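Each of the next two complexes has chain A plus one more chain, namely chain B in the first and chain C in the second.
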Partner chain A sequence: MTILFLILAVLAIVGASAAMAFRSAVHAILSLALAFVSLAILYLSLDAQFVGFTQIIVYVGAVAILAVFAIMMTRSDSAHHHSEVFSKSWLTGLVLAGGVFTVLAWAVLGDKTQHAAADTPAPVTTVTQIGEALMQRYAFPLEIMGLLLTAALIGAVVLAMPLLSNKSAANPAAKGDAR
Partner chain B sequence: MTPLNGYLLLAAFLFSIGLAGALTRRNAILVLAGIELMLNAANLNFIAFWRYGAHPEALTGTMFAIFSISIAAAEAAVGLGLILAVYRHFKTTDLDEIDSLKG
Partner chain C sequence: MASMSTGFANQADQIFVVLKGAVVSHLPVILQPLVSAIISMVGVVAVFAGLFALTTVFERKGLGRMQNRLGPNRVGPFGFFQPAADGIKSLTKEDLVPRAADKAVHFLAPVVLVAASFLGYAVLPVGRNMVLTNLDAGVLYFFAAGSMVELGVFMAGWSSHSKYSLLGAMRAVAQMISYEVPLVLASITVIMTAGSLSTVDIVAKQAQYTGTIAHWYVFTPWGFAGFILFMIAATAESNRCPFDLPEGESEIIAGYFIEYSGFKFALFFAGEYLGMLATSALAITLFLGGWSSPFSFFTWVPSWIWFFAKLLTLIFCFIWVRGTLPRLRMDQLMGLAWKFMLPMTILNLFVAAAWRFVPGGLPVRWFVCAAMLVIPFALLSRGLRSEKKLQTRTYRFAE
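== the complex of A and B ==
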């Protein structure tokens, strides 16, 4: 239990809690980025360099920016929207989350198996090793992942494209002609 | 308390924060952010188990985390696209107001 772990854990928890509690959505996403960055440094301290840098590039660089763009595009002009931050059933959700945490913490703290001590030598993982594993043992999952990412790319574009849905909503007869 | 337990507790707490956010927030984008937080907590578990597990040289945990991050990115893109499509129809992202299946 090092000082570094404690600092990063506190940063991640503060960032995540602030992200879920802030009224302003942009502030929430920015504090979520703080939690993502502290998680990435935690990965680096766990000797998973590649995953740590991937975390920064994908989450901070792509997901957070995408969320900020979505907030920008869905911002409503009138002030009466988003007057309430939490839903009507917030107490149920909070109790459920608390229950999940209690069960998980009980399982973790009741764990009696012997784990490796803190001073186990760090496994040496280079990007070369990860690349070789991806090209040999994990080649098939990598292909599936490429397929999934392509499908997600096309799906996201089709869903978010305004022309397609507007045309079919405004002019349903055109759809019938095309059939 | 072993270091692994510390990481697992942190991951459990982050997961619960994400779950609480996903269940209580009204803004659909922040519900998606809560789901991303839960996925991140799972990734932390993968890395911690890989680091303190029996065979770290097999790279299993790293691979799991890499694939999980790519799936989370795809999910975020499709989810935000869905939110934009819903916003175009209902003119709001407030989940308590989006309560009809029929447009």
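== the complex of A and C ==
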């Protein structure tokens, strides 16, 4: 329980709670980014460089940016649009979250290796080792994931591409007038 | 005599390291790591902020020369104190915040932008033994820090509640996302060949010599292509001409930081130049051998002089390009990123892998790999050119 851990934990929790409490979608995303960054620094303080930097690249650089981009494209800024912070189904949500927390806590507490690991020093994992594991032992899952992502990419392009038969409806002038 | 001269060269090379060591060694042991880190950080921040000031005046004078005018020449000798005057001006200027603006986000945006721009410098080796931290995943760290800049840009554009700033932010974020892909893919070739993500290791691999010539990656076909692709993507990442649509003075005035004045405006300006300096420094680290000299008979020149000489050369190229090329249109910009840069960087990955396995001597390897790059390049550019159908432009809102 170092000071660094306390600061990061507070930042992460405050960021995550603020992400739920803010009415404005942009504020929520920015506070979520704060939570992501504090989690990344937490990973770094645990000597997990690869995970930490990947957390920033993927979650701040891609997920948060994608979300803000969606907001800029659609302009569905809810800053002036008042909605309830608590949704009507908050009880269901609470039960589900509690259930997930119970399962996770049960799994963590029931893990026997955890107590043993406290005494032995943590293994030093370099990026090279992660790369070797991905390229040798886990090469097949990696390929499958690459295939999946490529399929998703092609799917996105197909969705975004104006259909050939629908060409007249998709020209920019008509779109602009409709808006 | 020879040993004396190398001894002197070594001293000149390590002068900053020795000076820091001398200062730190007088302190109690507990304080030493902290003070050492602070000295290095202050050094990096001061040197690169100073370089930013110098770059602005170089840029204005260089562009002036290219456009057949004088550029700033009133403040100090040859106008070299212009940045000081600009700094004082921006500090004393009124800080205006639009009434509709989101106050907190509007204030935080320049802070996030400049802080993220400075983060990348932590892993850049500016000389032998002169790096803030030698991270195991240094290049990854650099890109992670760079991805936070986009968030700062968005915050600025969105919080101003102005359509110009929002348009600028949208353009900037779209451009940065698109060009980050070729930027990273171009640097992966180096990571693959060096077998390390640590910037210090990558430079050390290049600071070896065959005969008199250094092992810089830019001297290989894939390294040369990678360097060019990297620099194109870096120009786009730092929103500089010909990729300066996010700022587009003639259409959206200044883009995402239009609603900022005084020192906050100066911070955006600084963030942009610091980003350019940082990506140039990464290009030097990855392709141009970092602090190493190109020829073995020049190794007596201190390493930090090599680094900053290369940096200033690259900055000159940036200014040159800005004075030469017109701005791209949005569709041309995206077309370049996805139709040209992406295929070429992916091809370059294969060439870098082939470079390792092609049998035969160096000339054979060179020829085979260069052919692997040049032929697809010619075919791709021909294909892209034939795709364009020139016709009369139609305008939606104008005659």
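Just so it is clear, the second predicted complex is superposed on the first by the 112 of 179 C-alpha atoms of A that agree within 3 Å, B and C clash if a C-alpha of one lies under 4 Å from a C-alpha of the other, contacts with A are read in each partner's own complex, and residues count from 1 in each chain.
By definition in this document, contacts are C-beta pairs under 8 Å (C-beta built on N, C-alpha and C of every residue); 3 or more make two chains touch, one makes a residue touch a chain.
Given the structure is predicted, the values throughout are model-derived calculations rather than measurements.
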Touched partner set for A:Phe5, first chain B, second chain C, both or neither: first
Which superposed partner A:Leu153 touches (first chain B, second chain C, both, neither): first
Touching partner for A:Phe101 - first (chain B), second (chain C), both, neither: first
Touched partner set for A:Ile41, first chain B, second chain C, both or neither: neither
Partner, of chain C and chain B, that touches more residues belonging to chain A: B
Which superposed partner A:Leu32 touches (first chain B, second chain C, both, neither): first
First (chain B), second (chain C), both or neither touched by A:Val14: neither
Partner chain in contact with A:Phe50 - chain B first, chain C second, else both or neither: both
Intersection of chain A interface sets (partners chain B, chain C): 50, 54, 62, 69, 71, 73
In the complex, chain A residues that touch chain C: 26-27, 30, 33, 37, 40, 49-50, 53-54, 56-57, 60-62, 64-65, 68-69, 71-73, 79, 126-128, 172-173, 176
Sites on chain B touched by chain A in the complex: 1-10, 12-27, 29-30, 32-34, 36-37, 40, 43-44, 47-48, 50-53, 56-57, 59, 61-63, 65-67, 69-78, 80-85, 87-89, 91-96
Complex contacts: residues of chain A adjacent to chain B: 1, 5, 9, 12-13, 16-17, 19-20, 25, 28-29, 32, 35-36, 39, 42-43, 46-48, 50-51, 54-55, 58-59, 62-63, 66-67, 69-71, 73-74, 76, 81-82, 84-90, 92-94, 96-98, 100-101, 104-105, 108-109, 111, 115-118, 120, 122-123, 125, 129-130, 133-134, 138, 141, 145, 148-149, 152-153, 155-160, 162, 165-166
Touching residues on chain C, where the partner in the complex is chain A: 102, 105, 135-137, 140-141, 143-145, 147-148, 150-151, 154-155, 157-158, 166, 169-170, 173-174, 177, 180, 195-197, 396
